[in-house]
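Here's the structure we're looking at; comments come further down.
Read from first to last, the chains carry the letters A, B, C and D; within each, the first residue is number 1.
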Amino acid sequence: MTATTSKPLPQSEATPLGQQLRGLLAFLGSQEFILALGIVLLSLAVYADNPRFGAERNLLSILSNSAYIAVAALGMTVVIITGNIDISVAALLGVLGTIAGQLAVHDYPIWLAWLAPIVFGILIELFIGFLVAYLRIPAIVATLGMMSVLKGGLIFVTGGAWIYDLPKGFFLAQRQPLGIPMPIYFMFALTLLMAIWMRYSATGRAIYAVGGNREAARLSGISEKRILMTVFGINGLMVGISTILFATQFTTIQSTVPPGVELTIITAAVIGGVSILGGSGTVIGAMLGAILIRTIQSGMIFVNVSAYWLQAVQGLLILLTVLVDIFRRRRQMSAIGK
Amino acid sequence: MTTQEAPQERSNLQLSIRNAFLGQEGVLVVIMVIAVIVLSFTSENFLTVDNLLNQARLMTEVGLIALPMTYIIITGGIDLSVGSIFGFSAVMLGWLWKEQSFPLEAAILASIVIGTLSGLLNALFIVYVRVPPIIMTLATLALYRGMAYGISQARSARGYPDWFFQFGQRDFLGIPTQIWFLIVASIFAWILLARTPFGRGIYAIGNNEIGARFSGIPVNRYLLFIYVFAGFMSAVAAFLFTSRVSTTRADSGTGMELDVIAAVVLGGTSIVGGSGTIHGTLLGLVLLQLLKNGLSLSGVKGDATIVVIGVVLILSILINNYIQKRFRQ
Amino acid sequence: MQPILELNHISKKFPGVQALDDVHFDILPGEVHAIVGENGAGKSTLIKIISGVYTADEGMMHLEGQGEVQFNSPREAQQAGIATIYQELSLYRDLSVAENIFTGHLPRRRFGAVDWPMMRQQAREILHSLEIYDLDVNRKVGMLSVGNQQRVEIAKALSRNARILIMDEPTAALTESDVEQLFKIVRLLQERNVAIIYISHRLQEIFTLANRVTVLRDGQYIGTKQVAETTEGELISMMVGRTVDNLFPKLETEIGAPVLAVRNLWRKPFTLGVDLTVHAGEIVGLAGLIGSGRSELAQVIFGISPAKSGQVLIDGKRVKINHPGDAMRLGIAYVPEERGSQGLIRQMTVQENLTLAVLRSLTQGPFVDRNAEKTLAQQMIEQLRIRAYSREQIVNKLSGGNQQKVVVGKWLASRPRILIMDEPTRGIDVGAKAEIHRLMSELAMQGMAVLMISSEMPEILGMSDRIVVMREGKVAAEFSRAEATQEKVATAMMSEQNGSGDATVIPSQDPTPVSGGMSQQ
Amino acid sequence: MLKKSVVALVLVAMLLTPVLAAPLKAANDAPSRMLLGQDDLPTNPLACPGEEEAMEEPAATEEAEEVVEYNGGQPVDAPDLAGQDIRVLDLPKLIGIAYFAATTKGLNEAAEELGNMEIITDAPTEASVDDQITFIENYVTQGIDVIAFASNDPVAISPALRNALEQGVHVIGFDADSEPDAREWFVNQATFNGMAKAMVDSMVEEVGADGSVAIITSSLTAPNQNRWISEMLAYADKCYPDLNWLETVPSEEDQQLAFQRAQELVNKYGEDLDGIFAMSSVAGPGAADALTQMGVCDQTITVGISTPNQMRPFIENGCAPKVVLWNPIDLGYATAYVIRAVIDGELLPGATEVEAGRLGTLPVINGSEILLGPPTVFTQENINDFDF
C-alpha cells in the first residue's frame, strides 16, 4: 500500500533516557518477553494449584527435557528465517542416535560416538541444502522425501533392535555438574552462542537478509546458495548436538524415529516468533518456545487434567500463544499505520 | 500492431503439446509407465483387475482429501490439520451413534458437519485474523487430535449395522463403493478448478492475492470455501474409512496430512502456490499407491518401499525442474 | 577530463531478443548522465551489465584506474566502486537502518564479530554527510516511508565508497517533497565527484538534473546529447523514432449528468469526509501529494477498503459498496496504482488477465465459455493494440506499456460506466502513454465518467476537464480546466503548515504545459 | 471484521464445550477420576494369592474348565499343503521395536527347526492399523499361504483378515487378537487376567498392599494395555482393596515421553508415590531410567512389562525389581508350531492341545486360543537366564 507522509521521525540524538525507555518498551513488546512471561505465569498458576510443581527438581526436569527440542529448534529457526523448513529432523534424530549408539557399543572411542552424529548430521543436512539451494527443490518437498528415506532406511538397516550395554562414559546427558543436568548447560550455552552469532556475525545478518529479501540479498553481493548451505549445515550441527542430548539420556537407545518430534520442534520455533514467511525470528524465542511446550505438558499433569484431554488442552494453549503473537504483530503494524 | 492469427494458432498448438509432455504430469506419466512395466514383470499379481480395484479402495481416503488440498496449495496455503479432522470426525461419528444414541444416519451427517465446522474454524482464523495457514493448522493439528481423544475417552465404537459396511467394504456396480465417491468428487473438483471462474480465481490468488482482490475476485469467500471444503472432505473420508475398518479410533489418520501433501506435490502442484492441477494430483496419488503395492508384491518390504517413495518424490521434482530449465526457458 | 567509466561496443543477447546491440556509454566523475528510452530499449540491461548482474556477450568496459574490467557478480562491481539503487527498493524490512546500510560489509571487530556501536556510528555519519538528521538508525526499515527508504538505499550505496552510483527510476514512487530531497542529495554527491547514472521516464527531471543524456532504442545506441543543447521534443523523437505529435490528445466532450457522487465519505486514516462528483463524459483529475488520500479514496469507492460512513451515489441513487464485487456490479472499474502487485496476475496469460474481472459473466451454466473468453480477449487486444505475441503469452513478458494496456483492457471488458484510473501512465514509455491518453479521451467522448489520479502535473493539467486537489484526506480545492495552472494546483496540494516554501513541486521547464505541447514530465 | 471475529470465537467456544465440561465430568467420577485407560469389557479377576492352593494349573485352566466351543474362522478352499513348504507373513504391530524383533526371532527359530517354512516379516513402522490392512491386502494378492498377525486394532483389522480367509489364506493371530471369527487360532502369550495378577502381585510384594501406585501406559487407544489395566483394577479391587491408585498417563511408543512422564509423576507425588506400572516395552525402560537418574529408587520403583535385555540394568540396580513378561521368542516359536499344525491338519477345531517343539504341549483355551503359559516374572535371581 501507499506509504504514509514522511512525518519527521524521532531524532536519533534523543536523550539517553528516552532511548533507554524506547528500548525497554520494545523489549516488553517482544515475543521473547511475552513467552518468558507466559512461562512464568503458567508456572505460577500451576504452582498455586499444586506447590510441588515449584520444586527445584521438577523445574530442572522440565528444562532438561526441553533441551534437545530447544537445540533442534535453534537450527529449525535459522532454517525458517530463510523461508525454508525441515520436516525430516525427527527422522534424522533417530538415525543419528542409532549411529552414535552403534559406535559406542562397538568399542569405538566415546568422543567419536559423540562426534559422529554431528558430522553425519551436518553432511546429511548439507545434502538437503544442496537439493534446496542448487537443484531448486522446495525445502518442504526435499525434506519430506528425506524423511521417508531416513525413516525407511533406519528400519531397513537396524530392524529396530534396541542398543544395550552402552559404555558408562557415553551418557553425557546424564551427568550433572554442580547438580544441574548437562542438557541445560548445552541448551543455554548454544542458545547464547547462536544468538550472538546471529547478531554479530556477518553470516548471521546475511541469513536474515536472504530470508527478508532474496533478490536484494543477491544484488548486495550475498551468495544465496552459500547462505542456504550454511543454514542447513547449522541445522545439521544442531540436530547432531540435539541427538547427543537425546541419545545419551537413556541407558538403552530405541533405534527408531521418535514419533511426532518434528512437529514439536517446528511448533517450538513458531511459538518462538519466527516468521514462517522468513526474514525474522530469534533463537532465544525458539528456546523459550521449547520450554513453554514442556511447561504446558508438565503443568497439565500437575493440575490433574484428564489424560484424555491432555492433547486438546496442549493444542488450545499453542493456538492461544500463536494468536497472541499474531495480535501483537498486528498492533505493532497498526501503530505505524500499515 | 496486433497479433497475427495464423502463426499464433500453430504456436499455441505446439505450445500445448510441449506443455503436455514437459509438465510434471508428463514426468509422472513416464515414471508411472516405467513403474507399471517393471512391476508387472516382477509380480504377476500386480496387473490384475482385482488388485487394482483393491488398491483404488485403499487410496480413496487420501485421494478425497488431496482434492481440496490441491486447491489450498495452489493458493499458496497448506492444511496440516486434515489428518486430525479426519480422526476427530471419525470419533464423533462413533461417539454420537454409540454414546449419544443418535441414529447412525444422523451420526454420519453430524460427523460430516463437525468436520466441516473444524475446517471452518481454520478458515475463519486464516482468512479474517490472517494467521498464516501453516501456523493455524499446526495448532489445530494438535487441538483436533486432542478433541478426538478427549471426547471418545480413547474408546473405539464398533458393532455397526450391516448396511453401514456397504460404503467401505462392498462393491457397487462391480466397483468398490468408495471409489465412486472418489470418482464423483474428482470430477467435481476437476471441473471446479479447470472450468469455472472459481478455479481461475484460485490460481489468481496463488499467484498474486492482492491483484486478485483488486480484480474483484471474492478472495475471502474463495479461501473460506477451500478450507471448509478440506474439512468436509476429511469428514467424508473419515466416514468411508470407518465403514471400511468397522471401528472408530481416536488415532485414525495420524500422519495422514503428509501422505496427502506428498500426493499433491508429486502431482506437480507448486508448494509456493500458483500452479497445479487435479489430474496431476490424481496421478501423484495413483503413482504412490502403485509403488507401495507393486513393490510390496514384488517382495520389497515396507521400510524399503518408503525409501523408494522418498527418492521418487525428490527425483520427480528434480526431473521436472531440469526439463523446465532446459526446454522451456 | 577522463571518463571514469567507458563502455564500448556492448552487446547482449537473450534467447530470442537482442537486448543490446553495439552500445556505447561513458561517464565523467561528478557528472549526472541520464539514460532514456522506451521500455524495452535496453536501459535495464545496460545498467545490469555495469553493476555485474549480467555479463556482456561482446564489448569492453573500461574503468578508470583498473583498465579493462568484466564483472561476474554484483559483488565484483561493488568492490570496484559501483553501487546501484534499483527500482524495486532492495532493502530488508525486518532489519534496522544501520544494518541495511551495511549489508554485505558489516564493520567487524576481532573474531569477525559485528561491531554494532561502530556500525550505528558510521551509519549516522553517512546519513549526516547526506544532510539527513531525522532518521533513527535503529528503526526497522519496514516502518519507514518510501522516501526515507530510498535515502537508506543511497546511504547504503555510499557506505561502500561508491565512485559510480546508478539510480534506476528513483523518483517513481516518491512524493514531491521527497523528490526535492533526493535532488539535493544528488547535487551533494556531484560535488563530491561521484558519477551518477540516472534513469527516468520523467524527462523534466533530466533537464533539471543531468549534464548529458544518452538515448537508447530497441537495444541500439541512438546518441548522446548535452542536456543544455537539446529539447524534450528532440529527445522524444530520438526515443520513439518518430515524432509524437500529441501527448495529451484531450477531446472536447459533452458533460452529462452526474454519474458518481460521494458525500462526506469517511474511512480513517486517509479518507476524512470527502465530497466528489464525476459526470458522464467528464475526466476529473485527482491531484495531491502521495499520502493525501487519493488512492485510498479510490479504494474506498471501489470497495477494497469500504467506507465506514458517508454516502456513495450512482446516478443519484444511494448505493452500498462493501467489496469490489459490489462496485463492479454498479459499473465501476478501477485501474490500480501498482501494476505489478495490484493490477495483474503476472504469471497468467494475457487472455486470462483480460477476462479475470468479467469471467463470471462469460459462463455457460457454471462453466467458463472458452470461446466467449477467447473472443473477448482478442477484441480487447485489437481495441487497445496490445503488442503480445499471442493471447497465451505470459503477461510478465510484456513491456510496461503493454502490461498497463492489459490492465486497462481488463477493466474495459467489464463495460464500466465509471472508470477510476490510478496513475495510469506511471513508468510507461511515451508512445504507450499517448495511446492511453487517447483512449481515455475517447472513452469520455462515449459518455464514460473518468476519475484520473495522477502525480504528473502535465498529465493532470492536460487531460482533466476538472481538477480536484486532495490534501490530508480531504478535498482541498477544485479547479475548472480553464482556471487551472500548475502554480494554483501545486499550492493547493501543499498545506500551509507543510509547504515550507522551497519544498514544493519540481520547477517546470515550460510554464504553460497545457495541452498540445511536447512537455512531458 | 469484528463480526467475523465473534463468529470465530463462538465457533471455538462450541468446539471447546466438551473440553470445558471435562474437568467437571471427571470430578464426578471420583475416586478413580485420574485413573484411566480401562476398556469397557467385562473383567474376570483370578484368585488372590492366599487362595492359590486350590489351583495347581496356571491361571487359564479355570476358564478351560467351562469348555467353550471353537469360535474361530476357517479359510475357504485352502489348498492342502500338508508337509509342503509354506510361506508365512509375519505381521507384527510394527517393526522397529525390540519386542517384535524377539517374536520374529522365535518364528524364524521354529521355522529352521521345521525346515519347511519361510518367514517374511513386514509391517508398518508405526503402530497403524490402516497400514496393517494395506499389508494384508498386498500379501493376499501376492499369494501368501499363512498370515501371522499381531493386530493394532481388533475390530479394524478383521474385515481384511476375513477377506484373507475367503481367499483361502490361513490366518493365525499372536500377541494381539482380532475378532475370533476373523482368524483360525490365536496364540495367547498369557491371559489378560493372568498378566494382571502377576503385575499386581509383583507390585504389592514391593510396595505393600496399601502402597500408592500410578500407571504409565503406551497409547490410550492400545487395546492390550487397556485390557490389562481393566483386569489389574478388578483384581486389585478383589484382593488388595487398600492399594491406592493415583493416576494413568499415556506415553505413546516414545521412550523420551515415558521418561518425562515418570519424572513428572515422581515430582508430583514425591514419596507418596511407591510404584509405577509401566505397561509397554517402551514405557518400562523409559520409566526405570527416569527413576534411576533421579536417584529415587529407594522410594519409588517400577514394575513393567518389558524384555529382560532392556530392563537388565534396572533390575540389577533395584529400580525395576520385577519385570513381567512372557518370553516373546517363545511366543513366536509357538506361533510357528501352531501354523505348522494347522497346515498339516493336526490342529483342528475342537482340539484341546497342540504340540509345540521344545515348549512341549500347549493347552487350548476359550475355544480357539492357544495359551503359551503363565507370564514370567524376571527378578535379580533369574534375569541372567534370559537373553532376548
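The definition used in the following text is that a contact is a pair of C-beta atoms (placed from the backbone, for glycine too) under 8 Å apart; a residue touches a chain by one contact, two chains touch by 3 or more.
Since the model is a prediction, treat every value here as computed from it, not as a measurement.
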I want to compare two interfaces, A-D and B-C. Which one has more contacting C-beta pairs?
A-D
How many Å are there between the centre of subunit A and the centre of subunit D, using C-alpha atoms for each centre?
36
As a quick test, compute the distance in whole Å between the mean CA positions of subunit C and subunit D.
72
Per the centroid of Cα atoms for each chain, what is the distance between subunit A and subunit C, given in Å?
43
Residues of subunit B engaged with two or more neighbouring chains:
125, 129, 147, 149-150, 153-154, 301-303, 306
I need the residues of subunit A touching at least two other chains; which ones are they?
151-152, 154-155, 306, 308-310, 312-313, 316
Full enumeration of touching chain pairs
A-B, A-C, A-D, B-C, B-D
Footprint of subunit D on subunit A - complex, ascending
50, 52-53, 55, 57-58, 61, 65, 68, 151-152, 154-155, 158-162, 164, 174, 246, 249-252, 254-260, 294, 297-298, 301-302, 304-310, 312-313, 316
Sites on subunit B touched by subunit D in the complex:
43, 45, 48, 50-51, 54, 58, 117-118, 120-121, 124-125, 128-129, 147, 149-151, 153-156, 158, 165, 169, 241, 244-247, 249-252, 254-255, 292-293, 296-297, 299, 301-303, 306
Show which residues of subunit D lie in contact with subunit A when the two form their complex.
16, 19, 22-23, 26, 33-34, 36-37, 95-98, 100-101, 125-126, 220, 247-250, 252-256, 259-261, 263-265, 267-270, 282, 285-286, 289, 292-294, 309-310, 312-314
Contact residues on subunit B for subunit A in the complex?
125, 129-132, 134-136, 138-147, 149-150, 152-154, 258, 261-262, 265, 270-272, 301-311, 313-314, 317-318, 321
Would you mind writing out the residues of subunit A in touch with subunit C in their complex?
2-6, 8-12, 14, 196, 199-202, 204-206, 208-209, 212-213, 215-222, 275, 279-280, 336-338
